[in-house]
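Note that the chains are named A, B, C and D in the order they appear, and that numbering of residues resets to 1 at the start of each chain.
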Amino acid sequence: MELTNREIARYSRQIILPGIGVKGQKRLKASSVLIVGAGGLGCPVSSNLAGAGIGTLGIIDYDNIEITNLHRQLLHSESSIGKSKVESIKNFIANLNSDVKVQTHQVLLNSKNALEIITKYDLVVDASDNVATRYLLNDACVLENKTLISGSALQMEGQMTVYNYKNGPCYRCIFPKPPPPETVQNCGDGGVLGAITGVIGSLQSMEVIKVILDHDDVLAGKLLLYDGASCSFRTIKLRNKRQDCDVCGVTPNITKLIDYEQFCGMAASDKDSGLNIL
Amino acid sequence: MELTNREIARYSRQIILPGIGVKGQKRLKASSVLIVGAGGLGCPVSSNLAGAGIGTLGIIDYDNIEITNLHRQLLHSESSIGKSKVESIKNFIANLNSDVKVQTHQVLLNSKNALEIITKYDLVVDASDNVATRYLLNDACVLENKTLISGSALQMEGQMTVYNYKNGPCYRCIFPKPPPPETVQNCGDGGVLGAITGVIGSLQSMEVIKVILDHDDVLAGKLLLYDGASCSFRTIKLRNKRQDCDVCGVTPNITKLIDYEQFCGMAASDKDSGLNIL
Amino acid sequence: MLKINLDFSGGAEVLFNNIKKRQLSLESEKKWTLRDFLQYMKENLLTERLELFIQGDSVRPGILVLVNDIDWELLGELDYEIKQNDNISFISTLHGG
Amino acid sequence: MLKINLDFSGGAEVLFNNIKKRQLSLESEKKWTLRDFLQYMKENLLTERLELFIQGDSVRPGILVLVNDIDWELLGELDYEIKQNDNISFISTLHGG
């Protein structure tokens, strides 16, 4: 896949980087990335990856824009309230970088549609906002053998890691069982700052680029924690891939997608939550 | 300063945070922040702060948009190439949050205009791209007694700290002398990734919010280093404010702004660099 | 005395009086496994509903336990024997975005 | 032997063969101050132009020197005496944006 002269000009400030070059830029152009969630994390991931010249971006979100989104979902605009989030991001990207192909999926990711959507992309970004979607996405990525760049945020904290990368652990290896619904807080009821999702979404974008370019030191097998209140970061060492993992282990129980809302006892959206205790 | 019903709805997901509340949101609304530079750092800082509801944002940049900016300066668009960066950001903010007042300053910040611009704002974000502007801004913030939230980025690394905050050090306390011009590399000749400026700009935004809300644990007297290649963060402990600092010390030599291009031996822009060695 | 540093994040601190970091001294006549320490936390530190932290004899799903920033699964989990100056962390995972 | 960990960032690594982290063992018969160590680096490690790293008997402006993540200015600068397993860092400050 060749670069046009316009692309060489546009990306010159990153082509010049020792770890990228023309060869790396071509790899970015040849790549396709699925972004699951067009909210607080999905916005910075979309703009960063579109700016960097990923050839094809898929964006999946069933939801429409509400005024309560606009403090952190910064690619949407007041005039788009009530309209589709994925279309809003598609428009943003068309203005920023018309060379990027954008495929919108305005559906709720579920066990019926996940595999056929995911299979079309090289790798997947988890920018979702609920437990059920996180398990669904993990299992689908394991079944389709895709790396999952996972970010999450709540209040003034964020977490980021890369699952299912080069024989590293998957989400289920770390969290075999979902948390009790009454302990789960979402951004709707717990709140979150846009600066937090901005940090985590940008960190996810960097890891996406490194995975595509096959750089060393991708953040897999480790979890990065950001506490905005103290501006502190910690990297913790996670367990290895579990031989007995239900989905990525040697003899997996889960060989096709299950009902994740039932498995988690929670809806696959952040609109409806548990008892909001923790 | 009261909040309208629309504002209460818009910011509900951050008003709900224990560290913010209605009182904190009012303080954000009553605040004014000057963002120096409308580039790789200035874009995420502008969108994050506008989203969060800072009442007044000033944006200063003399420059117009070029295609080589668009891989990392993600609020600008292809159709704005050749047009003013500050106007481009003003338009973006008008679409995202029309309640935010935006004051554009399309000038090169210099010793003649700096004080009269800075004095109008509560605090200042250094999102600039060159050594001369960084010294100028530091000295002007010391003379005007403004906190300076400073970020920088190059290639796959970024740095962030807060200067001149609660008797902490200023930029000159740490760097009394400018680096030799031949050791300075800018984003034009060294390159940088948008994900890096995205991380640092978002971190700066978080510190701005904390300074306004008078939170503890602002990153002052410490420098945060981010190395995107290894996804590693380090926080280093900086020296204290220097009694003999040329500008913030007990008997300062610098009591009005000097010629910073001459002091640094470098132009106040990233268009023209030294020997590009380091 | 066995001195340890304890920290909570990701929301787990809500169950412990909203204190993110604290130091503790444990009687050092006996050995302390993480199993013993969870029991101690249950009896001495928990200020909110037990079942939001403990399930059976371990922590509830969705909380990561770390010793010196290493997943306890690599260290023997409940059987790990606490050492002088260990940093023990309880991190609730986040799901929002 | 006096073992130390050395790291470079912000571009300072370019002068040292582009290696960001390395371990070194120094003869431990004598005491090593950072002044001595800079001299050693000049003679043994620098692969690029001297004046881009050293100016006079110290590092050039714009490079931060840290020992165990603490600014050397808090530790006596050139007179600091290196200790076993110290992490010594040279960080070039960034100016781009």
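Here are a few things to note about the model shown:
Here is the rule we go by: a contact is a pair of C-beta atoms (placed from the backbone, for glycine too) under 8 Å apart; a residue touches a chain by one contact, two chains touch by 3 or more.
Because the structure is a prediction, the values reported are computed rather than measured.
When chain pairs are compared by contacting C-beta pairs, A-B ranks highest.
We define each chain's centre as the mean of its Cα atoms; on that basis chain A and chain D are separated by 39 Å. Centres computed as Cα averages put chain A at a distance of 28 Å from chain B. Residue positions of chain B with contacts to 2 or more other chains are 155, 187, 190, 192, 235.
Counting only pairs that meet the touch rule, the chains in contact are A-B, A-C, B-D. Of all the residues in chain A, the ones that touch chain C in their complex are 37, 39-42, 126-131, 134, 151-155, 157-159, 174-180, 182-187, 190, 192, 197, 223, 225, 227, 234-240, 270, 277-278.
Interface of chain C with chain A (complex): residues 9-12, 14-15, 48-49, 51-52, 55, 60-64, 66, 69-71, 73-74, 89, 91-97. By the touch criterion given at the top, residues 6, 9-20, 44, 47-48, 50-53, 67-68, 70-72, 74, 76-79, 95-98, 155-156, 187-196, 198-199, 201-203, 205-207, 209-210, 215, 217-219, 224, 228-233, 235 of chain B touch chain A in their complex.
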